[in-house]
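Each chain carries a letter (A, B and C) given by its place in the written order, and its residues are counted from 1.
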Amino acid sequence: MRSEATEGRLVTLMFGQELTSPKADRRKVPDKGALPLLELRGVETRPTGTEMRLKGIDLQVYPGEIVGVAGVSGNGQRELGDVVLGMIPCVRGEKILFGEDITRAPVGVVRRRGVGFVPEDPLSMAVVPFMTVLENLVLTRTGHYARAGGLKMDWRAVHSDAQDAMNRFGFSFSLYVPARTLSGGNLQRMIIVRELAYGSRLIVASYLTRGLDVRSTIAARQALLRARDEGAGVLLISEDLEELFALSDRLIVLYDGRIVGTFRPEETDIYTVGHLMTGSEVPHA
Amino acid sequence: MSLLAILGVISSAIFSGTSLLYTTLGEVITERSGIVNLGLEGVMLVSASSGFAVTYLTGNPYLGVLTAMLVGGLMNMILGYLVVTRGGNQLASGLALMFFGFGLSALIGKPYVGAKIQGLPRILLPGLEHLPRLYTSLFQFDILIYLAIPTAFLVWWLLYRTRWGLGLRAVGESADTAFASGRNPWRLRYQALFVGGLLAGLGAAHLSIAYAMNWTEYMTGGRGFIAVALVIFSKWHPLRAIVGALLFSGAVAFQLLLQAGGFKVSPFLLDTIPYFLTLLVLMIWGGTRRYTAPASLGRVYHGTE
Amino acid sequence: MPETKIIPSRLAGFWRKFLDGVVRYTLMIMLALVLFGVILLVSGRDPLHSYRDMLVHTLGSTYGFSEVLVAMTPMLLTALAVALPSRLILINVGVEGQLYMGACFATWAALTFPHLPAHLLLPLMAFVGMLGGALWAFIPGYLKARGIVNETITTLLLNSVAPKIVSFFIFGFWHSPMDTDKTANFVPAARLPTVFGTRIDLSLFIGLALLVVFWWFVKYTRWGLEMRAIGGNPQAARRNGIPVSAYLVIGMCVGGAIAGLAGMAQVSGYYGLLLANFSRGIGYMGFLISWLSFGDPLGILIMSFVVAVIFTGGNLLQLTQGLPFAAINLLLALTLFVVLARPQFSGFVRRKTA
């Protein structure tokens, strides 16, 4: 009896339909001749408090690929995402986005160039809890919906764009309630709509599916793959090795603020990556 | 710029700085427990007026001083009720208390405007008896002046060498932690406010009973706010407050000195120097991120639910 | 289940809350009046007589009512000066100092250009007044935006400096031949025009207009939206690309400018000259009004009106009951105390049991 209970069968029974977690069978080899969307060269940060210091980060993200960043929480994941965005200053090294230097650029500039950002704890890091969902959806692109030089906001357009996006992704959540009343899953869906649905060319996603139920997890992964298929580049930061192996085109391991390994997922396995994540030596076979 | 002039400046600074020092010491205690008292101006005014009234009515300045102290403590209790028990915003409650003090002090003091009292007796600094009259008149201090610096040390001892002070400072840093370790933040804050009020009343008493020896509306002239600035300047430490008080009150006296020396600088501009200094000091610390304010200063403690 | 309703259910929740608020605030004011009445009794005066006098002469006569509006105007403006930055969670206690600096700059303009016609001089005075206030608010704003010092402390310090600077100018350069603590009267061109033969001047209407602008700004404009986001979660706002630092500095400066305008209105409209230490807490009262109304424009309007009634009535008590004018601060303070203590008068407007 026990051998019949596969994960897929259980999910089907729970949700009454077949839900397959997206796998990497649609993976593509990125065209290395193309210009990287994002390039970090020797990037270092200086922490103010309990943060981890990033040292000598070199990485590239090409169009149409998902670069997975594996690491145990506390080894620089949050700092990596934040330094790409410009939330924390880069004291050494360079950041190049879509071919232009953004090493000193403020967050607003980076955002307006077309960078989406899914933070690891959206409610505290990227959402204004008392404002409505619709208002929150607008916050990254207020200029786009401003009319009369900023004197009015075109809420009708916001609404219809949001509705379109929700339909495309197959999401459904209420738009006119305070954001803090959304469930964890719906909040993540809202963030995914905001960051992935409006043509972001580079997406940084941190712990995309942490704490989500199965259905939301699948929806989130599908959205990410769709964005990738449309040509976006994705930096996927996660602790979930299964997710990283399933979705990444390339895999990077972050430990103690440094990149300690770069692989293609088919060249390695969970155990090697796991060892690198904890800083221990890779055992020889 | 003779020696006499310089000594005159020092004497003047000591006279006017004493009331400031007492009040500042009181506010140090209060803020160490986490409460900012923007109403000090009002507290001082009510204490000054009631102390003056009692002195006039009884002819006994010591009674007046005691009254002023008690009244100060009671005024602070109002702030305690609003902030600690009712959870009101500290800044707003303090300012409301200030207006309350404006009104109450005017009411109490009205019959005594222009009255004259026999203030605290002034005693010559021991050891200077053989100096010429001109000099000795500069150094005849009342008992409150003599007690000022010892009081600063007393406050230091209270804060750093007693269990009560330790608990108080713990509440000021983190009321939650203090509560978890068995202390009662509400009671400690009330106590801090009361002691702070006693000291503020003492400062006010010196002003109306010993120094100016009269009563006029708004006679504290901003000392309540100066005390708040001084607390920051002294980094919430009682001993540094001594220096601060001399500095702040010395500015006016310093102006006289400059005038005597032929420099005419406006006393008003000189008065601003201590504030700019405080601002400068704040900017320097802020830059190195070593802000030593009590961590829970200004926040309302709601208790653990 | 029987539902006890005083308000029929078809009245929306808004009206229920409105009535509940009215009842609560009325009770609070009455409590304050009772407390003040006790104080009046103790000091040998008749409270009922006093209150009746106050009401009759403030709200009962057109002139009294106009005096209320005159008293209300500066507090309305200073409350606005606090309310705008408060949307960014900026605590602008510095309105008192910004008020003085605005008055100072405006006085400079009035004394330097006495020959200009009113339609040039007044806007100039308003402009430099706002400039003065904005400059005074810029330093705290900048220090806050850079994360160096908290604006509460810096503004408090600067509050103490501003009146001294004003005194410096008055006693040093600007004083009239007869008095050292104030300037000579401004030329008529430097005075804000009054209306209807009362002392109400243009600044009241400017204040009301600004109130409406403030309401529209926060609710409908793009910048109001971004400001609310900053106030709600500054980290999130920053992560979404909103330039938080710029808003902090500009927010403080605009608040300072409004306070500076209030200062200009005081010297140009109310006094007609610059008097040393002319403000007995107008700025602080504005702070309290804004704070206690949570920065809501309607609340600010109502509260500043109520406070103005009390102030104006107090003026009268000085004449009829021999009360020192400052004593009216007592009634004000008691009202504030009651509001701050948030007494739980349980809902007299009962709700549907859900």
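Structural remarks
Just so it is clear, a contact is a pair of C-beta atoms (placed from the backbone, for glycine too) under 8 Å apart; a residue touches a chain by one contact, two chains touch by 3 or more.
Here the structure is a predicted model, which means the values were calculated and not measured.
Taking the mean Cα position of each chain as its centre, A sits at the greatest distance from subunit B. In this view the innermost chain, defined by its CA centroid being closest to the centroid of all protein CA atoms, is C. Centroids of subunit B and subunit C (each the mean of its C-alpha atoms) stand 29 Å apart. Taking the mean of the C-alpha atoms as each chain's centre, subunit A and subunit B sit 56 Å apart.
One simple way to say how far apart two chains are is to compare their mean CA positions; for subunit A and subunit C this gives 47 Å.
Considering their complex, residues 220-223, 225-226, 228-229, 232-233, 235-243 of subunit C touch subunit A. Taken together, the subunit B residues at the contact with subunit C in this complex read 38, 78, 81-82, 86-89, 91-93, 95-100, 102-107, 110, 217-218, 222, 225-226, 228-229, 232, 266, 268-269, 271-272, 275-276, 278-279, 282-283, 286-287, 298. Only residues 85, 87, 106-108, 110-112, 117, 119, 124-131, 135, 138-140, 142-143, 145-146, 150-153 of subunit A touch subunit C when the two sit together in their complex. Across the complex, subunit B is touched by residues 39, 43, 91, 93, 143, 147-149, 152-154, 156-161, 164-165, 167-168, 171-172, 280-281, 284-285, 287-288, 291-292, 323-334, 336-337, 340-342 of subunit C.
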